[in-house]
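Chains here go by letter, A, B, C and D, matching the order in which they are written, and residues are numbered from 1 within each.
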Amino acid sequence: MTIPLPPAQGPFTGNDPSGPETGAYEEDERGLSLWRGAWRRLRRNPTAIVGALIVLAFVVVAIIAPWLTPYEPGSTQWSGEVSPTSVPGPSPDHLLGLDRFGSDLYTQMLFGARQSLVYGVVSTALGLSVGTLLGVLAGGLGGWVDTVIMRAVDIMLSIPSLLLAVSIAAVLGQNAYSIMIAIGVAQVPIFARLLRGSMLSQNKGDYVLAATALGIRRRRIIIGHVLPNSVGPTIVQATLNLATAIIEVAALSFLGLGESDPAVAEWGRMLVAAQDRFEAAPRLALLPGFAIAVTALGFTLLGEAMREALDPRTRR
Amino acid sequence: MTVTSEFLDSSAAPAGVHQGRGNLNGDGTLLSVRDLAVTFGVRGQREARAVDEVSFDIRPGEHIGLVGESGSGKSVTSLAIMGLLPDRGVKTSGEVRYDNENLLTWSSRRMSSLRGRDIAMVFQDPMTSLNPVVPIGTQVTEILRRHFELSKGDALARAGELLQKVGIPDPKRRLKEYPHQLSGGMRQRMLIAMALACEPRLLIADEPTTALDVTIQAQILELLKELVADTGAALLMITHDLGVVAGLCDKVNVMYSGRIVESATRRVLFGNPRHPYTGGLLESVPRLDSPRGAPLTPIPGSPTNVLPWTHGCAFAPRCRNAVDDCRRVTPALRPDGDRELRCHNPLSDDLPDDQRTDA
Amino acid sequence: MATTAVLAGAALLLSSCAESERGNGGEEGTEGEAGGGTFVFAGAAEPELLDPAFASDGETFRVARQIFEGLVGTEPGTADPAPLLAKEWTVSEDGLTYDFTLETGVKFHDGTDFNAEAVCFNFDRWYNFPEGVQSDDFAYYYGKLFRGFAEGPKAGEGIYESCTTDGDDKVQIQLNSPFAGFVAALSLPALSMQSPTALQEYQDDAASNVNTTDYSTKHPTGTGPFKFESWERGNQVTLSRNDDYWGEVAKVDTVRVVAIEDAKARATAVQQGEVDGADLIGPADLQPLEDAGMQIMAREPFTVLYLGMNQKTKPLNDIKVRQAIAHAIDKEEVAAASLPEGSEIAINFMPQSVTGWTDDVTTYDYDPEKAKRLLQEAGADGTTLEFNYPTDVSRPYMPSPADTFNVLRSQLEAVGLKIKPVADVWSPDYLDKVTGSADHGLHLLGWTGDYNDSDNFVGVFFGTQTDEFGFDNKELFDKLAQARGIPTVEEQTPLYEEINQDVAEFVPAVPIAHPAPSLAFGPDVTGYQTSPVNDEVWSSVTVGD
Amino acid sequence: MLRFVLRRLALLVPVLVGLSILLFAWVRALPGDPARALLGQRATPEGIARVNELYGFNEPVLQQYLLYVKALLNGDFGRSIQTGQPVLESFFEKFPATVELGMSALLLAIVVGVPLGYYAARHQGRFIDTAIVSGSLLGVVTPVFFLAILLKLVFAQWLGWLPTSFRQDARIDATHITNFYVLDGLMTQEWDAAWNAMVHLALPAIALGTIPLAIIVRITRASVAEVMHEDYVRTAESKGLSPAVISRRHILRNALLPVTTTIGLQAGLLFAGAVLTETVFAFNGVGQYLFSAISQRDYPVLQGYILFIALIYALINLAVDVGYGIIDPRVRVS
């Protein structure tokens, strides 16, 4: 004695005590595309706004750095004013004072943003493109290609990423490129796994089945259907990875890899250099340290908000 | 063979199983719900009233049905009675009178000692209602040990008996197992065993069979009926399935969009539904006595398509009988002969005799 | 100069310590009277091994100096040789025969006697080192000073001839060519006396890696005031007092040497009382430490820091460019910005106390205008120069290279040169690149004298054609070789003065300063005796009340 | 269970083989002659000849690889360029320090992180929840080395409460048996030594533990928030169980499953973090040694240590999976 099978979303399913609260709300979102919905949710999320503002400020500063300061980065022209026990503090000429090498700290901070952005973006782009390619090949072709790629990914994942980056940088020598490549390569497994996973889950999806049934060729299905559906999670991951990349750049600099100029405007390097001027001028360490943390925070907030927006299930 | 007698006779039975249990309300009811209203307020969004103006009584040993589609507020009503609604974002008003006190005013500490012992509940989905990482034995004994001072061993022995009562074979072995090792029907038996472990005075069963295979459903209902009868507990059966109610309940309350729209004894309601919604529900149920080939008539529209009660009758958008008043004037629940009814334009009560049901 | 005040202060402190020792020490410190306790000292790195014969680094020597003694020591506070295990010595007219009279009654830590035979055992051991350890990485000092071994590629080139004993306390060393610095060189820990018995039992000079033999890690055995106790790799070396020491017994019971790489961390460790003393304190930390009540000492500079120029690269092969660079540098500013107080400005490539130092050399005063003019004349203004400097290292002559580099860079850029910084880790990259390849331009390097010998400075730098400087100046090379061969210091002096003048004229590098390495000690440490050549034995040190 | 473990161990083999190939190729990719790279500055002609023979650098590549693997299987991981010490020996010497530090950090992260995450989940949306969530976010984004420097500056240098460096005060005469200093102190009943070692652990453990702590807070919070709304929790509530039993038995036991997995993943993070933390605090462990190996270009050490760390990392994750199976009965059976 039962009521006949109800229509989809019909009256007699579920037992949702919160039914009434969502009813009216979901109504008006129906019909919006995933992206527009995500965008709407993103705009309403204060976390996303804070994150986006930080990221925006960071990017803008990085781009227009040269117009914000009359000085050149890495120029140690005031080195005569710096002594081992004293570093001149803020003054009208030097808003944040000098650093221990006699560069303008304000200028160094601005260009540090630029450096972080370039390192972060280039390395993430590298990891993203190679990782995506491998992931798509593995997930799309399957078989031995999949096995080989995924084993390689496993091997890379078996080394903590910082150590992986360090090993790669050791081979490439001491320069800016080696850091970017090292961090980029260390990100490859993350993207490869992500893409492969999302491809495999979608391979089983209804629309792929439908497309296959319609006789659409596999390559077209992948390019036309599966890939676009992986864009969301990939963008989210890339945003989150930018945060990690920025921290790892600083970490590699901290370990003495990367550019060889001690006065280079790079936050991690500035932090290292500031260590033995702690008592004299704590700001030399605090400013770049907080800059790294805040920038990473911005990307993390934005990334997580994007993840929430794209996947409504994760919303609180 | 009754569980009650065994409990009381058993030498291991704790002294005063029923000690501290309340009396009946002054009016002789076990539980009396008056003007219960539940409002959900999610931050930044307008409040939603899930339950409003709900009143009904349960007398000792009585079987009451609460019927409605999902979202009608019947489950919220039961959770409100149990004090299981979240603290935040929920406003509850009205009265749930038990032992001459209003349960809604009880502290959560006091409620928790009442739950499971005086009022117990069986939930809809046995697959998710059992803790997957805790052995079944523990899940049964924990309620016994919470409410009675029992040693671990005694509690386990009692749990074994309970499992036997609900028809689970080889209880000793089962007690050591985990929920995923049981079938859905078995799990629901488990949940019933737990709910009846302390011989509650009222059992609330919230769609206890919905998630089960059709073949199992009847068995579980039968078991429930039998055990409730044995322990003498009152039963509040919450369901969307009029078939379930028909076989079980003395009195039926039909809810729509958070309010009771019709309330009557089973016989009266099934024999002559007067609210169009009740009528619609009955027409959409296949009946053995209906002519062969007679089509089932579903209620048009979906339950989300409602008119706020403050503007008129919530069912109006889907109602065949709707008149102008239905969209303008809020109907009140009024006594109407042998029933209570909330309708401006009820169905006529002159159904032919052959369509009346004796369940 | 403010530096003198510091030095005077240190000296004062030291002399007062020395006095108090005499006051309560008496002839021989008995155990009861000795201060006792543990003296914890932080160096910048771990010792590489415990057999000093195979070492060339200061950290190994620091530990070795407590365990081992040579025939010759140094006069306290100077670089001049003084009797140690040898009471006295004579040298023949031709500078080839040395007669040593040894202290008697001296025993090695393993209980065996130190005597003439032991001395010859050590000399013969060095001379007979197998080929595998003859490289600069192991028997560096013996190889440099004695110039050859019994076998291998340098067979027959050595100046060591023989060692003969005359009773237990007389030894005669025969050289085959004169070596004026011979006696001074014997104060080097690399040439200290080790127990023949222990060496025979635990050391294997032919091992594939002498760093990890039993002797090199667990059984160093000498005659010094402290005995080896244990070495926890990466952690600490523990020594205990040698109560049977032939001289004045040490005051403290135990000595621990720990390694703290980072200069800042060393300073903090002293300030927090985690260690009693630390070497190579960075210039930036001196003032804060002093303010916190710590004692600061500066070694009398026996160092030189210079800006090297590789003449294999253009335009550094042009003397006008080198002169311009010399004029562009404000040495006072460099010292103020990156060197400890107590450092002295350099005009020679050797400190003032070394034979041959003269103020009668061409000096290049700070004159940026002249520098610009010279560059224009050479057509080199605006040229880009590579500037190599090391990272993550502090050397006695270069406590913070990055800071030094930065001041120099801005000074050079101020006269119109463009600088391309090339930083490498000190070891192996930087050293390989600067001293072992032609792939460098300007570079920072320096030297800490091992003992008082002119050749140990200028001879090391400019004695032969090197990758470091990339020039071929036969006249200079010959003069240095000639000076080296003169048997007595007195005769050497005029020649070395002449050499210093020549070098200044030729500008293969710009001497910048003689940095004074700084040490810091907790307030309750007394009796630490600094030495320009790091010959610091801790037997007079006390800790606490 | 045993089969599960064996299967997982079998899966480890290709990873290790691949890793050995990678590390083998790595030394050959380094600038310059491989034998020189392995011997460093001390490379003597004899040394180079010996290494060439040992690793067959003059042989065909396949032969070289087999020789390399053979050496590995014989426990020969090469010698440090810097100290000449066998890599294996130094690793086991330093490993206890890192384990001690890592365990302390992890312990801290769990002991503080789980209750915080739980508390936040139970107070979702309130100020305290927002505070905990924001704090954990900050914890995630603050670079380890920056935090380490900050902690050292504030607590060691300015306030002087805690030591700045080392594992134990050099002044203390401590007996070291296992090289787990705290354990050694307890075993030998040298209480001051044990206490001293713990005091020295405090700052590094906080620095190293902060990121895992923040991650554990976030995962616990998310997980508890999810489990809290599970039907079985409602069942438990309907049984009138006390809040303590509900939290412990019904919420946490389920909610901590994903946390367990996270803890395994933290191991890799901890190793990387240890390199930075140990360096800042001059904590004589694997991390500090790796750091100096990195800056000194001590390739045999890097090569050996990376292999070891990967192996240990894999074993930790295996252990976590096995542990997961023990906690979660659903996995246990299948």
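Throughout what follows, contacts are C-beta pairs under 8 Å (C-beta built on N, C-alpha and C of every residue); 3 or more make two chains touch, one makes a residue touch a chain.
All figures in this text were calculated on a predicted structure; none of them were measured in a lab.
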item	value
For chain C, the least number of touch steps when starting out from chain B	2
Per-chain CA centroid nearest to the all-protein CA mean	D
Centre-to-centre distance between chain C and chain A (centres being mean Cα positions), rounded to whole Å	50
Distance between the centres, which are taken as Cα means, of chain D and chain C, whole angstrom	40
Touching two or more other chains - residue numbers and ranges from chain C	262, 392, 425, 429
Chain A, residues touching no fewer than two other chains	256, 275, 278-279
Contacts with 2+ other chains: residues of chain D	125, 157, 295, 297
Partner chain A, residues of chain D touching it in the complex	14-15, 18-19, 22, 26, 29-31, 124-125, 137-138, 140-146, 149-150, 153, 157, 225, 268-269, 271-272, 275-276, 279, 290-291, 294-295, 297, 299, 302, 306, 309-310, 313-314
Complex contacts: residues of chain C adjacent to chain D	38, 40, 46, 48-49, 131-132, 135, 137, 208-212, 232-236, 254, 256, 258, 260-262, 265, 268-269, 271-272, 274-275, 392, 425, 427-429, 431-432
Residues of chain D that touch chain C when the two form their complex	40-42, 44, 46-47, 50, 79, 81-86, 90, 93-94, 152, 156-157, 160, 163-167, 169-171, 173, 176, 282, 284, 288-289, 292, 295-297
Contact set on chain B toward chain D in their complex	43, 82, 84, 88, 111-117, 120-121, 123-125, 128-135, 138, 142-143, 146-147, 178, 180-181, 191, 194-195
Contact footprint of chain A on chain C as seen in their complex	262-264, 282-288, 330, 333, 336-338, 340, 391-392, 400, 402-403, 405-407, 409-410, 413-414, 421-425, 429
